[in-house]
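Listed next: structures, encoded as structure tokens.
Heads up, the next two complexes both have subunit A, just with different partners, subunit B and then subunit C.
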Partner chain A sequence: MFSGLMLNTWITASIVAVIAGMTGFFAVLRGSTFAAHAIPNGAFAGAAGASLIGINVIWGLAVFAVGGALGIGALGRKARHDVVTALALVLMLGLGALFVSVSTEYAEETYSLLFGEVFGVSTSEVLPIVGLGLVSAAAIALAFRPLMLTSALPEVADAQGVSTRKMELYFLVVMALATSMTIPVVGALLMFSLMIGPAAAARSVTARPGVAMALSVAIALATVWLSITLSYRTNWPLGFFVGVGGAVFYLIGQAARMRA
Partner chain B sequence: MSQETAQHKTEQADLLKLEGIGVRLGGRLVLSDVTFGIRKGEFTGLIGPNGAGKTTLLRVILGLQEPSGGQVLIDGEPRQAHHNSSIGYVPQKLVIDPDMPLRARDVVSLGLDGHRLGFGFPSSRRRELIDMALRDVGAEKFADARVGELSGGEQQRVLIAHALISRPRMLLLDEPLANLDLKSEQEIVALLGKLARDNEISVLLSAHDMNPLLSVMDRIVYVANGHVATGSTDEVVTSEGLTRLYGHHVDVVRVHNRVLVVAGE
Partner chain C sequence: MHFLFEPGLLASGPVRTALLVGGIVAVASGVIGVFTVIRSQSFAGHSLADVATTGGSGAFLVGLNQFWGFLAAGIAAAGLMEAIGVQRRRGRDVATGVVLGAALGAAALFLYLGTQQTSTTGASFTILFGSMFVISPDTVPALIASGAVAVLAVAVLARVLLLTSLSPDLARARGVNVRLVGMAYLIALAISVSLSAVAIGAVLSTALLIGPAATALRLTKSPVRAMAASALSGVAATWLGIVLAYDSDDWPPHGHGWPVSFFVVVLVVAGYLLTYVRRPRRLAPRSPHEGAECSPA
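The block that comes next holds the complex of A and B.
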């Protein structure tokens, strides 16, 4: 279970879990969970487009994810955030539908982009994922305090010269970067559940922000490791275990809170 | 305030001065020719009906709203970004859900260095400063509780501690008494009065009802109809003065040490 290709699986999945735990913590905190859903799913359409014109899917993912994040951030200033997010999502999905229909041999790759192919990560794919992962993690850690401040006290932050709008844009772009790196591994749908479940569970267990983020990462790691093991043993899809795992951890967290 | 201290304060220079401020929102002139000053350690009530432009005025002072005319002076010089640290701001309320992982002490800590990069690792010095700020506002009992689960009055105390920890010279509060029960209201007013007196912090507080503030207010800035009238409560809050300001007849009635402003015929 720990040799050759499987070693790549463990490494990349662990990095994805760390990034999902960190960005998910702020997505839940800032009420950006809908954007966390829209960006990975919209980015999937970019991958379809990239594959159609014959370039590496990572570029399609990056362009659509970052473009979607910038669009949501820019338009969200004037209109309601959720409406703009929904529009960005349907626009990108619409394009995705077109790309998939034009392409002839896409069905299998579509499936893997939505649900991931964590058991088929090649050694050459590991390095870019590690690199982008480190960049995303550093970007979140670096902006931890301004992100907290703008989440809890937006007006005060603006008055202190920390622009709420710029921090929102910054966060969306980091989420987009994290997304474009993780989709080929865990898939768009799984990335979303890995961002929300652990973060939501962590916040109901502890009131300390730093500890909550660390716990969110720990739960994401536990979910991923457990899911890989179970998926390897049972041959059931990884996505099933990640999705169920996220929900179970959340319910355990809620139960712990009720008793406290 | 007595005649003598009033005399003394007029000789003192203004810490904050608004000169001929006008504000245009969506093409409409909502405030024009607003001029008033605030001195060190003075408690000023920014009073007026809802929608009169009190929040807009606070936003101008905070540098969040560009005035269409006039200027804001701090220590006699035009307001710039480096003045941000002299002004502490207490928003009307926290916009967070009850299970946000953020304790009262974390909110205060964000006031200390929330604008800095990185995590801000705990140290005994930080802890001391935060504990002191929480004690100053009487919030030590719920220092480790989630802020989202605190009452309105408790949240106000935490927000005041958040604003005070960076040692501003001026405290701006936007309707801090709205949604508070009577007891919390009195406690918060007493706390702010004490801060102004003992720590010489200038307090500018907006409210639609002046009555809870009558005992602590040194000066009133009354906003109505796009203009302000300023002075002591007795000077400003008169039937003639407010009728002129509102542009239609109002009666000022004093009963049992309360002031009521009533629209006339």
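The block that comes next holds the complex of A and C.
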């Protein structure tokens, strides 16, 4: 269970869990859950486009994810955030439908982009993910204070000269980069489950930001490790265990809060 | 006219069914979507479509009628979201996200088990995007019935729903059970969304629920006029999309047409973006919560 390719799986999944735990904490805190779903999900259409014109899918994913994030950030200022997010998502998926229908051999890849292929990670794929993990973690850690301030106390942030709008855009772009690069490995849907469940569970247990983020990362790691083990034993898809695991941890967190 | 309407368009059975079903779904989504937008529940509306689709694939797996799988999963998800805490504006997104995350996990399992059984590789694609040209005509009565139930429920609730959406405190003071109204609305939304997800796919379901309604609400403050405009523009986008998709058989690459969902989504989003280009001046300076100014007519 820990040899060869499986070692790559453990490393990759752990890094992804750390990224998801960190970005997910702010996604839940800032109420950007819908964007956390829409950006990776819509970005998968970019992968379809990239494979259509014959370039590396990473570029398609990155262009669509960052484009979606910028679109949501720019239009979301003037209008309802959730409406703009929904429309950005359906527009990207509509384009995806077109790309997929025009290319002929794509349908099989759709499943792995949505649900991931974490058991087939090659060593050459691990290195970029390690690098990306470090960059995302640094981007979140560097901006921890202004992100926290604009999430929790927007008025105070304004008074201190921190632009709420710029931080929102910054966060969406970081989330877009972090999720899009991990999609080929873990899948768009799994990334979302891993961002929301652990972070929401952590938030319901503690209100202290540093502790909550650490806890969110810890729960994400626990979810992923448990899921890999179960998936390895049962041969059922990893996404199932991660999705259900996130929800179970959330319910445990809620139960713990009610008892406290 | 032949440029737009290919000869033989209306003689084709699948096209006629698509026009009929698309029209029904667009009207139901347009009317219900106005409240979805006012109540800021776009995420719930989208998630219910995804969850319903999961239910559909689950029902398929155990050999039940897919339509009931969609409906049951949609309503169950609405109940779960409500139980976890959809009623609080802040907790709402998280509750929706947790339910959606779990459902997506289940979807992964169902698709996996489905491919073990039948080796249908295109399943995940069909589930996401649906296909209007493969609706069998005998599901149409069930579609009409559930659409009518959802629209009727919202029409009956309209006044009290507006009040609870715009000013929950005032509604509470008048003795309205705000939570019960929210729950009833969420179930109506679930019925409508499961109907549209089964008929036209999860992507188009969200597009028709949010796009026309958001466009209409940017143009008029009156909820009644918004509902009418939203339903009409939804139908227009759907029908035009179907016609264009039918025409696109002759476009490159040859051999197969472009998908309906692409055309409808582009039309819907373009309509929404057009409201940014030219807007009545009285609406110009706005807070992000523009629906709060929407007065109950």
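Following the convention adopted for this analysis, the second predicted complex is superposed on the first by the 260 of 260 C-alpha atoms of A that agree within 3 Å, B and C clash if a C-alpha of one lies under 4 Å from a C-alpha of the other, contacts with A are read in each partner's own complex, and residues count from 1 in each chain.
Please note the rule applied: contacts are C-beta pairs under 8 Å (C-beta built on N, C-alpha and C of every residue); 3 or more make two chains touch, one makes a residue touch a chain.
Bear in mind the structure is a predicted one, so any value in this text is a computation, not a measurement.
Peer 1: Once the structures are superposed on A, label A:Ser231 by its partner contacts, choosing first (subunit B), second (subunit C), both or neither.
Peer 2: neither
Peer 1: Looking at the overlay, does A:Pro209 come into contact with subunit B only (first), subunit C only (second), both, or neither?
Peer 2: Touch partner of A:Pro209: subunit B, not subunit C.
Peer 1: Just checking: does A:Thr179 make contact with subunit B only, subunit C only, both, or neither of them? Give me first, second, both or neither.
Peer 2: Once the two structures are laid over each other on A, A:Thr179 reaches no partner at all.
Peer 1: Subunit B or subunit C: which reaches more residues on subunit A?
Peer 2: In the superposed model, C touches more residues of subunit A.
Peer 1: Touching A:Thr12, do we find subunit B (first), subunit C (second), both, or neither?
Peer 2: In the superposition, A:Thr12 touches no partner, neither subunit B nor subunit C.
Peer 1: Regarding the shared-chain residue A:Tyr250, is it in contact with subunit B (first), subunit C (second), both, or neither?
Peer 2: Only subunit C; A:Tyr250 stays clear of subunit B.
Peer 1: Examine A:Ser136 and indicate which partner it touches, taking first as subunit B and second as subunit C; both and neither are also allowed.
Peer 2: After superposition on chain A, A:Ser136 lies in contact with neither partner.
Peer 1: Jot down the residues of subunit A that show up as touching in both complexes, subunit B in one and subunit C in the other.
Peer 2: Correct list for subunit A: 203.
Peer 1: Residues of subunit C touching subunit A in their complex?
Peer 2: 37, 40-43, 45-47, 84, 90, 93-94, 96-109, 111-112, 115, 121-122, 124-125, 128-129, 203-204, 206-207, 209-211, 214, 218, 253, 256-259, 261-262, 264-266, 268-269, 272, 276, 286, 288-291
Peer 1: Using the touch definition up top, name the residues of subunit B that touch subunit A in the complex.
Peer 2: Against subunit A, the touching part of subunit B is residues 62-64, 81, 84-85, 87, 89, 91, 94-96, 99-103, 106-107, 110-111, 113-120, 144-147, 159, 162-163.
Peer 1: Show which residues of subunit A lie in contact with subunit B when the two form their complex.
Peer 2: 29, 141-146, 148-149, 151-162, 202-204, 206-212, 257
Peer 1: Which part of subunit A faces subunit C closely enough to touch in the complex?
Peer 2: Residue list for subunit A touching subunit C: 28, 31-34, 36-37, 75, 77-83, 85-87, 89-91, 93-95, 97-98, 100-102, 107-108, 110-111, 114-115, 189-190, 192-193, 196-197, 200, 203, 236-247, 250, 254.
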